[in-house]
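Input: structures, listed below.
Below are two complexes that have chain A in common, paired first with chain B and then with chain C.
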Partner chain A sequence: MSTFLSLLAYGLADGAILALAALGFVLIYKATGVINFAQGEFLLVGAYMFYTGFVVMGLPLVGAALFGVVVATVIGVLVERVILRPMVGENPISIIMVTIGLSMFLKAVVQAFYGTTPKSQPAILPRSSVEIFGAMIPLNRLSAILIAAVVLTAFTIFFRRSRHGIAMRAVADDQQAAMTMGISVRRIFAMAWALAAVSALIAGVLLGDISAVDQNIASFGLLVFPVVILGGLDSVPGTIVGGLTIGLLHQFTAGYLDSGLANVIPYIALVLILLVRPYGIFGETRIERV
Partner chain B sequence: MTSRTDTTAPGAAPAAPGAGSMLALNNVEVIYDDVILVLRGLSLAVPEGKIVALLGSNGAGKSTTLKAVSGLLPSEHGEVTDGSVTFQGQDITRMDAAERVKLGMSLCMEGRHVFEHLTIAENLTAGAYTQKGSGEDLDLVYSYFPKLADMRSRVAGYLSGGEQQMLAIGRALMARPKLLMLDEPSLGLAPLLVQEIFGYIKRLNEERGLTVLVIEQNARRALEVADHGYIMEQGRIVLEGSAADLRENPDVKEFYLGLGEEGDRRSYRDVKHYKRRKRWL
Partner chain C sequence: MAATATGIHHRSYTSELRLRATRAEYFRLGLMTVLLLVLPFVLDNYWLSIANTILIAVIGAVGLNILVGYTGQISLGQGGFMAVGAYSSAILSDRIGLPTPLAILLAVLLTAAVGVFFGLPGLRLKGLYLAIATLASQVIIEFLVRRDIGDFLTEGLGYINVDRLAFLGFEIGGRDVFEQQWYWILLVLAVLTVISARNIFRTGLGRSFMAVRDQDIAAEAIGVNLTRAKLTAFAVSSGFVGLAGSLTAHYSEVVSWEKFTLDVSILYLAMIIVGGLGSIAGAVYGAVFMTLLPELIRRLANALESTMPFLGDQLPAVRNATFGAVIIAFLIFEPRGLDRIWQRMKDYVRFWPFRY
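Moving on to the complex of A and B:
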C-alpha cells in the first residue's frame, strides 16, 4: 500500500509536469499547425533561465520567476517571428526540420553558456516529507502537482473566458474567418509561442527542482510526444489526461516491474494508441453535420 | 447594346464613381499569384444606408471583389495591382484586414465559416474582438436572432445551415460594422430560409441604418431587397442601375431571372443558345 501511494504521488507529479510541457506543444500545434520538436529544449532553456535569475543574478524567487517569464516570452516571440514566419506555406516536413534544428541549436546554446555538468540550485519547494497511510510522500512532489494544477486551471479559464483565449481558439479553427473578425493572426501566432515558452518554463523549473538542473530536462521533454498523441494533438484537456496517464504508467512500471522497461513503456503505449485511436482520446475530429 | 443607357440613372457622372459614398472601388485590378487577372478595372459604389447587390455568374469575380474590399487577398496570394478602394473617403487599398474591421466593415464569408469547435456564445465573443465592451451588442444580436440565444452554449459545428448563417451574420454584427458585406448568404439554404435571411438583412438596414453590400447568385431575391444592383462579368461591371430598373431590364430578366419578355416564367430550354452566350461587353 505504501509503495502504491508513493508511486502514485511520484507518477502524478511527473504527469502534472508533463501536462504543462505538453500544453505548450498543443498551443503551438493548435494555433499555428506547427509540430514543435523543440518543446523539450524550451523546458531546458526555461529551467536555465530561472537558474540564471535565481542563482547567478541572485534575484529573489518572484524576481527570478518574472525574469524567466520575460526571457521565455521574448524567446517564444523571436522564434515565431524570425524562424517560423518565413516558413509559412512551406511543406510540413520542412517546418518539422526547422524545429528539430531549433532544438539542437537551443541545446547547444545552453551547453555553450552553462556547460554540461548539473547546476546546483537551492530548493524552492519544501524538502520534507509527509506520512500518508504509512507512505512517505515528499512535499516537493505534492507542491509540484498543486502548482501544475493551478497553472493548468488558469490556462483553461484563459481559453474559455478571455477575449484573447477565445481569439486563439478561433484562429485555430478558421484563420480566414478570424481575420474577418479583425483578429490579427500574426499576433495570435506570437502569443501562442510565448505562452508555450512560459508553460515550458514552469514545467522546466518544477522539474529542475525535483530532480536537477541539467541536460536531462530536455530528454524528459521527449515524453511530450506520447502525451500529446495519447491526449490528442490539439486538445488542452487531453494534455492533462495524457500527462497523468504517461506519468503514472512510467512510475508504476518502474516501481513494480523494471526501471529499464519504464523508459520504454510510454512509447509502447504510443504505438498502441496510434493503432486504436490515431487522433488521440480528445483529438478534434472533423465535425460532420448530418 | 441599349441596356447600359437604359438603366444608368440620368445625370450620373461616370467620371467620378462613388464620390460621397461609404465604399467606393475605383478601377480596381486584382491579380492572383502574379499571373491570374481576376478583376480588370472594376468600379462600384455603395452609398450610405443602402443595400447594394452584386450579381453575376460563377467565376465573374464577385468574391474576389469582397476580398479586395476586406483585405483578405494577401492571405490567398492575391494583390490589388491597380486602382483604389476607399471607405468613408479614406484610402484603404493596402490596409491590413484587422484595421479595416476596426474602421467599421465586416465580411460574412461564403460558406458561413463559423468557428465549428466554439460555442455560439464564443463565436459571438470572437466577433467582438475589436470591441471593448460587447454586452449590448450581444443583447442586440440575440434580439434579432432569438434562436441563437436559446442555443448559446451549443457547439456551432452542429448547427443547421440556416442557424450557422444567422450566427455568421450575428458574429459580423458584433464588430459594430457600418458596412456589412455578405458573400452568398443564401448558399445551400432552403427557399424559406433564404427568405428569412434576406428578411433579417432588410430589417437591419431599415432599423439600424446598416449599409449592406451583398453578393448573390439568387438574383431575384437579391434585387427584391436591394436598392441598387451591379452585374459583373469576367472581372468587370457590365450593367448597373436601381434594383427596380434591373428587375425590368430584358437582358437581366432573360439571363438572371429566367423570365420572358412578358414577365412570364421561361424555361431555360427556350432561351436561345446564341442569346445565352451573349455578353454585354
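Moving on to the complex of A and C:
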C-alpha cells in the first residue's frame, strides 16, 4: 500500500509536469499546425535559463523566474520568426525536420555552454516528506503537482476568458475567418510559441528541481508524444488526462516491473493508441485515412 | 521533385528513359569512375576509413530516400532498422556459422520484413502521425537491443564481436590493407545500390511510389494499389538500410546498441535533406557532405584552438549544433538540397551568357 501511494504521488508529479510540457506542444500544434519535436529541448533550455538566473547570476527566486520567462519568450518568438515562418506552406516532412534540426541545435548549444555534468541547484521546493497512510511522500512532488495544477488552470482560464486566448482559439479554428475578424495571425503564431516556451520553462524548472538539471530533461520531454497522442493532438484537457495517465503508467511500470521497460512502455501505449484511435481521447477526428 | 534539366529535349520515349542524355553526363561519369578507382591508391588509411564510412552511409541514405524522398513516408526508425540488419547479420554469420554473404543477404531480407511490419501503421497514418509512429518503433527497437532480454543477442556481453570478414576462401587482410580491401567491397555494393535504386524509379513500381508521394488519393484513383506500393517501399528501403547496418557490423567488427540510436536516424534524415529529397544523387551528396562535415569541424576546431580553445573542448556539442544549423539552413534556403544547387550550377554553365 505504501509503495502504491508513493508511486501514485511520483506518477502524478511526473504526469503534471508532462501535462505542462504537452500543453506547449498542443498550443503550437493547435495554433500553427506545426509538430514541435523540440519541445523536450524547450524544457531543457528553460531549466538551464532558470539555473543561470538563480545560481550563476545569483538573482532571487522571483528574479530568476522572471529572467527565465523573458528569455523563454524571446527564444519562442525568435524560433517562430526566424525558422518557422519561412516554412509556412512547406510539406509536413520538411516542417518536422526543421524542428528536429532545432532540437539538435538547442540541445548542443546547451551542452556547449553548460557541459554534460548535472548542475547543482539549491532546492526551490521543500525537500522534507509527509507521511500519508504510512507512505513517505516527498513534499516537493506534491508541490510540483500543485504548481502544475495552478499553471494549467491559469492557462485554461486564459483561453476561455482573455481576449488573446479567445483570439488564439479563433486562429486555431479557422485562420482566414480569424483574419477577417481583424486578428493578427502572425502575432498569434508568435504568441503560441512564446507561451509554449514559457510552459516548457515551468515544466523544466519543476523537473530540474525534483530530479536534476542535466541533459536527461530533454529525453523526458520526448515523452510528450505519447501524452499528446493519447490526449489528442489539439486538445488542452487531453494534455492533463494524457499527462497523468502516462506519468502513472511510467512510474507504476518502474516501481512494479522494471525501470528500463518504464521508458518504453509509453511508446508501446502510443503504438496501440495509434492503431485503435489515432486522434486520441479528446482530439478532433479529422485524421485522414488512406 | 524529379526536376528535368532544362534545355534537354527528348524526341522519343526511349531517349526520355535513358539515364544519361548528354555527352557531358557521360564525361562526368567517366571522370567519377576514374576518381573512384584511383582513390584507394592515393588516400592514406585514415582517409580511406572515412571513404568507407561514406560508402556505407551512401547505401543507408539511398535506402532512406526511397522511403522518405520518393514515397513520402517519413521514417524516424532508420537507426532501429540498421540495428536489425547489424545484429541479425552478426549473429547469423558468427554464432550460427553461415557464410558471411549469405548472412548479409538474410539480414537484408529480415530487415525488409521488419520494415514492412513497422510500415503497417503507415497504411493508416500519414505525415506527423507516421513520424511519431516510427519514432516509437525506433525507441522500441533500441530498447529491445539494449535490454537484450534473455541475453539472446549479445550473450551478456553488451556487444557482439564480429569476426573479420571472410568469404569464398578470401579473408580481409591486416591493418595495412584492411581499409583498401573494404573500400573495394563497399564501393561495389554502393555502386550496385545506386544503380538499382536509380532503376527502380524507371519501372512502374517506382513510379507508383512517386504517385503515392505526390497525391495518394489520386494515385489510388488511377489504379495504384496503395497498400502494395507503401509496403513495397518500406520493404525495399529497409532492405538497403539493413544492408548498411550489416556492413557497419562487419566493417567495424563490433555491434553495440550505441551505434543505432535516434541520433543515427536523425543523421540519415539530415543526409537526405541536405542532399535533396527524392533524388538518388542527392542521397549520395548528402552522405558525403554529412560524413565529411564532422571531420571539417574537427580540423577547423584544431586550427582555431589557440584563439578559441572553447571550440576544441566542446567538439561533440559544436558538431551537433552545426548539424542542427545545417538542417535548418538547408530547409529554409534550399529545401531541395545539394542536388538542386548542382543542377542550377550546370544550367548556369549550359546557358551562359544567358540567364534563365
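One rule holds for everything that comes next: the second predicted complex is superposed on the first by the 285 of 290 C-alpha atoms of A that agree within 3 Å, B and C clash if a C-alpha of one lies under 4 Å from a C-alpha of the other, contacts with A are read in each partner's own complex, and residues count from 1 in each chain.
Everything that follows uses one rule, which is that a contact is a pair of C-beta atoms (placed from the backbone, for glycine too) under 8 Å apart; a residue touches a chain by one contact, two chains touch by 3 or more.
All figures in this text were calculated on a predicted structure; none of them were measured in a lab.
S.K.: Once chain A from each complex is brought into register, does chain C clash with chain B or fit beside it?
M.R.: When both complexes are placed onto chain A, chain B and chain C end up side by side without any clash.
S.K.: Once the structures are superposed on A, label A:I145 by its partner contacts, choosing first (chain B), second (chain C), both or neither.
M.R.: neither
S.K.: Identify the partner contact of A:I166: answer first if only chain B is touched, second if only chain C is, both if each is, neither if none is.
M.R.: first
S.K.: At the Cα centre of chain A, what angle separates the centres of chain B and chain C, to the nearest 10 degrees?
M.R.: With chain A as the vertex, the angle is 90 degrees.
S.K.: After superposition on the shared chain, which partner residues are touched by A:A190: those of chain B (first), chain C (second), both, or neither?
M.R.: In the superposed model, A:A190 contacts neither chain B nor chain C.
S.K.: Which of the two partners, first being chain B and second being chain C, lies in contact with A:A31: first, second, both, or neither?
M.R.: In the superposition, A:A31 contacts neither chain B nor chain C.
S.K.: Just checking: does A:A177 make contact with chain B only, chain C only, both, or neither of them? Give me first, second, both or neither.
M.R.: In the superposed model, A:A177 contacts chain B only, not chain C.
S.K.: Would you mind checking which one, chain B or chain C, touches more residues on chain A?
M.R.: Chain A has more residues touched by C than by the other partner.
S.K.: Between chain B (first) and chain C (second), which, if any, makes contact with A:K107: first, second, both or neither?
M.R.: After superposing on A, A:K107 lies in contact with chain C but is clear of chain B.
S.K.: Chain B and chain C, closest CA-CA distance after overlay, in Å?
M.R.: 17
S.K.: Would you please give the residues of chain A that touch chain B in one complex and also touch chain C in the other complex?
M.R.: 287, 289
S.K.: In the complex of these two chains, what residues of chain A are touching chain B?
M.R.: That would be residues 163, 166-167, 169-170, 172-184, 284, 287, 289 of chain A.
S.K.: Taking the touch rule as given, give the residues of chain C at its contact with chain A in the complex, in rising order.
M.R.: Interface residues on chain C, with respect to chain A: 68, 72, 74, 121, 123-129, 131-133, 135-137, 139-140, 143, 146-147, 216-217, 220, 226, 266, 269-270, 273, 277, 310, 314, 316-321, 323-328, 331-332, 335.
S.K.: Going by the contact rule set out above, which residues of chain A touch chain C in the complex?
M.R.: Residue list for chain A touching chain C: 35, 83, 86-87, 90-94, 96-98, 100-109, 111-112, 225-226, 229, 233, 260-261, 263-264, 267-268, 270-271, 274-275, 278, 287-290.
S.K.: Would you mind writing out the residues of chain B in touch with chain A in their complex?
M.R.: Residue list for chain B touching chain A: 70-72, 75, 96-102, 106-109, 113-118, 122-123, 125-130, 155, 157-161, 171-172, 175.
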